[in-house]
Amino acid sequence: MRERLRSNAIVKPVADALAVARRRSERAYGSVPNALRLFLLAALLIGVPFYEDPFAGGVIFDERWLAVFRLVGLYIMLGLGLNVVVGYAGLLDLGYVAFFASGAYLYALLASPASPAIDFPIDDVPWLFWAMLPAALFVGALFGVLLGIPVLPMRGDYLAIVTLGFGEIIRLFLINKTDFTGGSQGLYGIKAPPLPDFPGLNITELKSTALTEWYIFIVIAIFIVAFCATRLRDSRMGRAWEAIREDEDVAEAMGIDTIKYKLMAFAMGAAIGSLGGTIFAAFQGSAIPDSFDLLVSINVVSLVVIGGMGSTWGVVLGAVILIGIPDFLRFREASDFLGLFDPLVPFADTHNWAEDLRENRFIVFGALLVAVMVLRPSGLIPSRRRQIEFAAAAEEA
Amino acid sequence: MSSPPRRTGKVPTGWLLAIAVVVIYVGVVLIDDDKGWSFWLDQTRNGLTTGSLYALIALGYTMVYGVLRMINFAHGEVFMIGSFTGWVVLTKVFGGNDMSDAVIAPAILVAMLAAAVVTAGSVIVIERIAYRPLRHAPRLAPLISAIGVSIFLQNLFLRLTEGRFRQYPRIFPQGPGESVDLGFTSIDYIEIFLIGSSILMMLALYLFVQRTKMGVSIRAVAEDQEVSALMGVNVNRVIALTFVIGAALAGVAGVMYGLWLLNIKGTMGFLPGIKAFTAAVLGGIGNIPGAMAGGFLIGLAESVGREQLNSVFNPVLHWIGAGGLGLGNEWKDVVAFVVLVGVLLLRPTGIFGEVVGKRA
Amino acid sequence: MPHWLNWKWLGVVALAIAALLVFSACGDDDDEAGDDGGNGGGENVVTVPAGGKIQVGVTAVLSGDLQALGTTVLKAAELAAQQLGDIEGFEVEVVGADDLCDASGAEPAAQQLLANENLVAVIGSICSGVNVTVQPTYEQRHITQVSSGSTAVKVTYPEGRDPFDSFLRTVVHDGVQGVKQAEFADSVLGSKSAFIAHDTDAYGTGLADVFEENFTGEVVGRQGWEKGQTDFAALVTSVTTDNPDLVYVASFDPEAAAFLTQLRTAGYEGDFLAGDGVITEQFLTLAGDDAEGAYLSKPAPIEETPALTKFQQDYLDYAGFPWDDQPYAAQTYDAYTAIFNGIKEVAKVVDGNLEIDLDAMNDAIHNQDFEGISGHISFDDHGDVKAAAGKPQIIFYKVEGGEYVQQDFE
């Protein structure tokens, strides 16, 4: 089917042109030194809230955008975490939300005045949030190992279903164990974590409404997580994961301690998910069980797979497509932009189709998952190493 | 598929497990006389009735997984489509609640047939579009694609029904007195209908797979796709056939669900789907009678098992001064998921055998 | 990109942070301006230019499982805007945003509404989870929310702080209803024992908690179900085994109807009491004959006034489905009316533009006192709708002959 599509008279020249453009831009990009490249990228991203519109005045990306960017950023973090488990080690985890929830509740149970777990919310401790960040990493890793031990012998689909069950158990536990978790009423009223005094910065706390500050915080967090994740991948452990992913039995025969490395993958992924949860609870100011349903797990897995398993840029692209675009569709600008295509849409005069698209975005989401899998089963930006593997597999088949 | 449990010379563990379950069941009933016999009998009937639906859906999972080693995540949605098809037939064609008594039986039959045909048709389309191109793709691709189909169908039907419930006509006699008295307990007609027809369909399927030529080719493909292709089996057709059979059974289950519980919705397929998968695993993937038994067991675990946990642990907990376990109805999904996790951990081959846990 | 990160990177982040400091030192004061803006009235004025439209937001769940409820709110608000008309010749536009009924959808929806330059007020979400998440956001921007369906007590009685000035609601909260239901069960029904069944959502658990706390008889059992469940067989067996005088349900109509049907099918003959999520026309259709004799309560006397009859008809014409199928329609209309009146009282035409002082408008809304469709509307210190003098806030009904018949109970 893809071959037929590729040789299509219209598609082919476009695809060829794109391929040439990609090669050229990659060459140009490759000639810039690493450090400079990263500096530019970081400065570019952190500057986003401050870009000014030269024509209309004011900032280009107002708080509406930042609210979405913040959420996209959070999902990039979660995606990077799950990427360790799914992309690097090849273990399909459909219950990733469990770790996300554990991080969120870890913080919320301590910081929310509505918390039934402790009588004295320690929300007046200024460093609580900052202390909970490493704690979340640790607790997340612990949870990851605890889940990992029993599911070690499982592979593939079975692992997926068990982890899915585990995620649902956690959610139902949060809802039903009312006397401990506050139940479906949720934990709320979490105070904004104060910031240490930076000279020249007029910000004293990370309010949930301080979108700019949260946005920057998350961008920095993503850089740190991405840095750690890629270092891990290129380390000895990363190569062990790769071997396990390719063939567990062979890996074991080669003397790789598969148990240890699989557990490490679960622990690393869970730690990042849990960290994301704590950040989520802090910027929402609340933790409510409804936020931790299966759809979160599915979203994260989908963005990793659609982006391309094992690929850092794939995670970013996947998050932008799956989390960002449905939200951007709600913007006026999106309707204006889509309105440009009205002449091409036969029913544009009777239907507000941009609105239809937005209302039906879950349907579109489902169809998109299928389409991406059928047309590009290795994802939109496959990791280089995987690209080679797939090519080899295709030749075999 | 459905190869008999491996003979190891010892009593199969599966049967030991089954006996243990029965012993525990009777034991708890004897210990906890507060609730009385009728409570446990009623809960058992409830479990079997719900379980018969899980069982029918589980047959589809077990067939497809047995042949393709792929979890058809959208199978619960196929069940939902069947239920909606039956609803359309019963309300739009036969006039819903106004239908005269004489046409009720044929109407139900037509609704079931229509549901089977529509679900079979839609699953052929789904398989062609979303699964077949991915047969040689990396392992996760078909699973994600199936999740995509599931989300698509669920939200499509939510949109079509504006997120509301749709009501089946109340044509199947239900209510006080609409039951068969057995002396020590009574069974509602609808329960007999559900449990009986699911067992009949399972038997028919079992005989089909064991005795017919098509059945042999299904088993051959399940054993080894490439070799059976060499032996002249049309693999694509066999795979399509397993999808169609599974879907038709789920479609019929959808209509029975509607007749029994009356309210149907776009999201109705998700939980039964997961539980049916659990049932298929519990019975040993690929094992047809196993899937049936697994379905009944999950149904029983949710109703009887949950209450028995209360009965066993509450006295102990009260005695040491802790509050009760209090596993109310809201914990039933947790029980099902715990069974799922537990079975896969302790006995991934299912109660009645069939080694796939590692092969996957 | 396999090697795009390396140790030099740390230096990079340091540089980036330094750049950030430079950035923000120049231009961060605009962000803080609104924060302490309570002092100067002039600071929080929305000016609608001549020819522009005043905007009232609606945050509601418009997709997914609960879309039917959110759509009702949006339609009712649009209808109200159409009927109440202009303010000083300025048209009022209703802007909807989908909050997914979920904390993570809440903030994006809020920001989307807040990006409308002429936004002056918002019809708050029917989902308490959304409201507790975005209350600080709206409070900071001086935008008043009036919710028509969020009944959790905590929304106007937040723990650990004073209630939000910017949040009001035209719906009676669960506390009031749960207490009255318990009194009704004790004194009118004379129930000695009750079985509590509820959905595990915030609404169901909240209401069930209040009832359980106030019911003086024995609670023989309490169990829940997940929203959307239709198979209640196991639960019904638990109820019939305990055989209580009363089955109390805190949930919404489809589940309650299915539960009641299965309860009666199993031979339960005791009383049945449920709250405002259940009392709909759909409940009567769904439960049919089994609904006979069921007691239901709902807040605010929606009396058979001409206004109500007219609203029912108008709503049917406008939305295409009857309003009494859905809770919150009348309350949404009243929420819009409160906002509308508030704007009207403070809006001034200056140089052809319309100026609306948001804080004055908030005060004006707090001081509203009018007869709405759903009953008398005035607000207490917490922003909750007050009981009208001499009128009960919760009305009880019994289903007789397929209709809701009002019961005498103060």
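Which chain is which? They are A, B and C, in the order written, and residues in each are numbered from 1.
Going forward, contacts are C-beta pairs under 8 Å (C-beta built on N, C-alpha and C of every residue); 3 or more make two chains touch, one makes a residue touch a chain.
What you see is a predicted model; the values in this text were computed from it and never measured.
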- When you check each chain against chain A and chain B, which touch both of them? C
- Of all chain pairs, which one counts the most C-beta contacts? A-C
- Message: On a C-alpha centroid basis, what's the spacing between chain A and chain C, in Å?
- Response: 32
- Query: So what's the Cα centroid distance for chain B and chain C, whole Å?
  - Reply: 38
- Touching two or more other chains - residues of chain A: 172, 175-176, 359-360, 362
- Message: Where in chain C do residues touch at least two different other chains?
- Response: 64, 200, 224, 226
- Note on the structure: Among chain B residues, those touching two or more other chains are 155, 330, 333
- Query: Given the complex with chain C, which residues does chain A contribute to the contact?
  - Reply: 34-35, 37-39, 42-43, 46-47, 50, 62-64, 66-68, 70-71, 113-114, 121, 123, 172, 175-176, 178, 183-186, 188-189, 198-203, 207-212, 216, 220, 223-224, 226-227, 230-231, 234, 280, 284-288, 290-291, 312-313, 327, 330-332, 358-362, 383-385
- Note on the structure: The answer for chain C against chain A in the complex is residues 1-6, 8-9, 11-13, 15-17, 19-21, 23-25, 27-29, 31-32, 62-64, 97-98, 101-104, 106-112, 114-115, 128-129, 132-133, 136-137, 140, 152, 154, 158-161, 200-202, 204-206, 224, 226
- Item | Touch list for chain A against partner chain B, complex | 1, 86, 92, 150-151, 153-158, 160-162, 164-166, 168-169, 172-173, 175-176, 298, 301-302, 305-306, 309, 359-360, 362-363, 365-370, 373-374, 377-378, 390, 393, 397
- Residues of chain B touching chain A in the complex: 65, 69-71, 129-130, 133-134, 136-145, 147-156, 159, 274, 277-278, 281, 330-331, 333-334, 337-338, 340-341, 344-345, 348, 357-358, 360
- Task: Would you tell me which residues of chain B are touching chain C in their complex?
- Result: 35-36, 38-39, 42-43, 45-47, 49-50, 155, 158, 162-165, 167, 170, 174-176, 188, 261-265, 267-268, 302-303, 306-307, 328-330, 332-333
